[in-house]
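The structures come next, written out as structure tokens.
First chain A sits with chain B, and in the next complex the same chain sits with chain C.
So, the complex of A and B:
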């Protein structure tokens, strides 16, 4: 009995301790931020979910249950947009990570601090250029005629002009190249920071065992950086699935050429803001959210399995 | 010593800058004797998209421009001294969402916006019709506006055509423009005043290839392959008498679609033949960067504004390019094409209706349209716009086109057309340009099925 009483008073004390004066002050300071999150994140998320069950133009509407989801799921254009998004997303993530990791390793291996800083700045520069400016720049670099810079260079080695953004065969690869140019700096900086955190004594021990540079890179650097790779894959996947500005600026609402640049967010945009069918657009948004969630969980699970192995 | 050198340099630069930016601004009240019109009181909140609010310089011509705020001070404030005008500038980028938010939060009385947006706002019950205001105001004369812009546009009239909700203030310029010099170089007869799609195609084919005089690559044709509303399609739909949809856009469920028809086949056939005649970049809306300039390599541009040629005249005074780039009517049987109409509209829940109506009249008046033309070359919506430069053949032609404009249910006001049909047409054009046109019969059959399914789901 007395043990029970002691336990209860202990719990009360814990409960009391949970709400100290400091806690209250802390919450007071956090209130503006919490209100902001509730108003500008949680409320819109909930309102969009509600809207996805309505046939509405954003002002007036009526409840239609799962009808919008059924329309979107049976719409071949939505699936095509999702397929384009995933194609460009996977290519962007893989190529972006590989190239930036190799670059970061090369920069990290430079013996001069000045050289490292110089290349860091050079590769980071495109990251401060907006997606709009990048798209305009590349629309001229990748100009389909002989006047385009890249086609001019190809012409010098006897290759014909390529329709970088105008030929359905090349358009998605060109977008990936463009986005890789923009994101390379950020990825490289992250990898560089991670590379500098690898303990030196691991490399020294490997050297004692006679490992060369490539083997050290393969058996120390890459395994040590696995959490960073995971972070890059997850963030890259989420970013890739939300691709919009560049494809919209280059391919228009049709995702020209031949719909190859039509991404899921472009599909949502044109349904919401050109067709004014907010119910359908929000349903498509939630479906895209589910796809991103599934992909992220799959990536994390795969990584956990590797951890166990 | 050092200080005086810097001061000297600064003064020289200031003198140089002021000398280079000569030329007076135009369009304001200036010294003119503007009389008071009314003592009416009130506060009117106006949201505008894309207007220059302060004095500046036209980057294309280097001319000084008068901002909207100084213009209002010179004119409106003298005419209506007791009305307080609060103007909010909104960039065109995502203007619809921002203006809609202002209407929903009742933070605005009048809006200058795009025609398609205005129509949507009206359908959503966010703006009001102005028929009573017009009927009760003897001083307002709707007859001063071009018929096509005032009566035959979904940008200012309800979808059933019975209600007026906006007054047109600025028109878009979309006409067929051809390069006379290039026609001469190729020995091709100039375009007729009202060319048919076949005439355009036939002449464009003759001028695609190496120019016999200059040896440079020429393209017979240009039109936008990723146009948001595919205005070239609209012009062709007039030309081939396409009756793609019947019914009312107020009732999307009962629309009757006729998209798999011989007339629609003719339109896609035209695109199939026209696409290879344009520079490849047209697929993404590029390729006409030099049209209207000395280095031009395109013979005929559809839905062109002729802006580059006239800007050259405004900046250098040389009329050579105006003589070279000739505007003609669009491809409809009477020259019709798609005409962009930007209106002023009034919020449903307006704070002070009488004052707002006076402001609405002022903003769409002859004086204000003159101000916009002189400072930003905006095409007026007036029947009698005597302030248009006599050399400005492009604005004159755009006004001629607006006067004969008529409604079309296959237009940006139609959500199926905008979201489903335009992407299919643009996709077809891009495939045709790449030499792999999709089967027209299948494209139209799929479009018809999609339209019927879409209507059933509404």
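So, the complex of A and C:
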């Protein structure tokens, strides 16, 4: 019936008609996902913003405007946690990308498929290991006394035992080393997939011009993979800014030794769930989000400048 | 450099071949030996932590202190370390709990991702574009930003300390929706059109025609979600306080956290080995799929 009316009154009428059976069914199919997104993404992000303007020491909160933000921003511990997080984040992004790119290039130049697959799966193995297990393993490998495996090896070449996780000068570097062990394989796999996508004729053209392996690598492979490097830097930065589990297990809520392992998420966690100051914690989480956004935009913009050159 | 050498060094030249070839071949072989050596040494670094964990976990002599000097074989080989680990940490229960949570999360997220992916790809209802954009943009929000309101939400619903705190958020799996949509986009539309003309209902079309074709993406989602749930610590740490409901990572973490790290090496290594076993076995058999799934999740994001 309605179909007849529509057919007669032309286009405008069809546009006005809201919901066909098809639309209703489609919407119904998407409902579980939409409910999930609304309740566990959109609502929480809005609620967090609302809470960050409230003082919520107890159950009831009252509006305090930007007070929470000014408290967090003037808290030296917050800045300390942010600088720790960024220090470890930048270090692990840079070292992780360099090492895994070299590794992927080496694996990719293996002439046997079996060899490539073998090394691929060996290097990827730590990636399926949980952060908890990794932290436990490394707390023994990096044991501060000479019994620790790494210190034992250092002892063999005459270097004294190092307090990997107990000495404030080393703790952050040790965390970076540990997370590199865990994350190396992931980056390597992505680089390998990307290396295989470089068109062969580029290399062939370079060979005709007399380029050797290293030069091909430097002038074809690396420029061609720039988007992949960029992707890694962005993802690595975002991931690095969310560091929590390993530092919590190794350094406790205080971020020991001497607060060097206190990261931003650890700061948020202890403000919210130990200090029970949800307002402050959500304000800190928004600040962290802003930092992540700024970093991402900066990375993308510096890359755009390179493109113009 | 290599080219120059081949001219300088006088090598016996086989008839009918380029004079460069033998030296080039030798260089290539040296290069390959170097390559394999470097990669093998690197692999050793990857594997040694596991080996050391395994060796220590069977060493009754290491129950109190790390054995010194490190040895390739346990000083006092024993499986008592495992018995003690199971006695002190309720490993079986934690593993069972983790499996229950993982199965629930996988079912819920598959349902949410496949239904919505199918709707966005094939039904193409009004507003589908907007829904997709909204779903993709929520993927950018880090969990750490939303965890406090989510915790308070479950507190209000009185669902803390229950696995609903895991099952319900599994509905929010935009990445799965994205994967499913991408995959279903590749399947022909004509299957649906033909079935609908034959009088099939949308649910039947989805369940009988498209779902069986989605096996690869279902496997990917199962792998990713299982690893995610099995290895997660932060959310279980927030919502579970009853030790009987701990997941494996939380149980292990709480034990080491309360004992203090570096205590009872053999016992903790035994427990860690047990916690890794399911994932390692899975990796052993499905490593190609796991590597592909995780690489896929990286590339597509």
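Note that in this section the second predicted complex is superposed on the first by the 278 of 309 C-alpha atoms of A that agree within 3 Å, B and C clash if a C-alpha of one lies under 4 Å from a C-alpha of the other, contacts with A are read in each partner's own complex, and residues count from 1 in each chain.
Heads up, the rule we're going with is that contacts are C-beta pairs under 8 Å (C-beta built on N, C-alpha and C of every residue); 3 or more make two chains touch, one makes a residue touch a chain.
Please read these numbers as outputs of a predicted model, since none were measured by experiment.
Asker: Determine, for the superposed arrangement built on chain A, whether chain B and chain C clash or fit.
Answerer: After superposition on chain A, chain B vs chain C: clash.
Asker: State whether A:250 touches chain B only (first), chain C only (second), both chains, or neither.
Answerer: Touch partners of A:250: chain B and chain C.
Asker: For A:168, using the defined touch cut-off, is the partner it touches chain B, chain C, both, or neither? Pick first, second, both or neither.
Answerer: So A:168 only meets chain B here.
Asker: Using the superposition on chain A described above, determine whether A:276 touches chain B (first), chain C (second), both, or neither.
Answerer: first
Asker: By residue count, which of the two partners contacts chain A more extensively, chain B or chain C?
Answerer: Of chain B and chain C, more residues of chain A lie in contact with C.
Asker: When the two structures are overlaid on chain A, which partner does A:190 contact: first (chain B), second (chain C), both, or neither?
Answerer: It touches chain C, and chain B stays clear.
Asker: Between 94-102, 310-318 or 436-444, which chain B stretch has C-alpha clashes with chain C?
Answerer: In the superposed model, chain B runs into chain C at 94-102.
Asker: Same chain A residues contacting chain B and chain C, which ones?
Answerer: Common interface on chain A, chain B vs chain C: 139, 143, 145, 250, 252, 273.
Asker: Across the complex, what residues on chain C touch chain A?
Answerer: Going by the criterion above, the answer is residues 1-3, 32, 35-36, 38-39, 42-43, 45-50, 52-53, 56, 65-70, 111-113, 115-116, 118-120, 123-128, 131, 134-135, 138, 141-153, 168-174, 177, 202, 206, 227, 230-234, 238, 249, 252-253, 256-257, 261-262, 265, 268-269, 272, 275-276, 279-280, 282-283, 287-288, 290-291, 294-295, 298-299, 301.
Asker: Which positions of chain B touch chain A when the two form their complex?
Answerer: 94, 96-97, 100, 104, 120, 123-126, 225-228, 279-281, 283-287, 415-416, 418-420, 422-427, 430-431, 433-434, 457-458
Asker: What residues on chain A touch chain C, complex-wise?
Answerer: Per the stated touch rule, the residues are 18-20, 22-27, 29-30, 32-37, 39-45, 47-48, 51, 103, 106-107, 109-111, 115, 117, 119-133, 136-141, 143, 145-149, 152, 181, 184-186, 189-190, 193, 212, 231, 235, 238, 242, 244-245, 249-250, 252, 265, 268-269, 272-273, 278, 281-282, 285-286, 288-289, 292.
Asker: Sort out for me which residues of chain A touch chain B in the complex.
Answerer: 55, 57-60, 67, 71, 77, 139, 143-145, 163, 165-168, 250-259, 262, 270-271, 273-277
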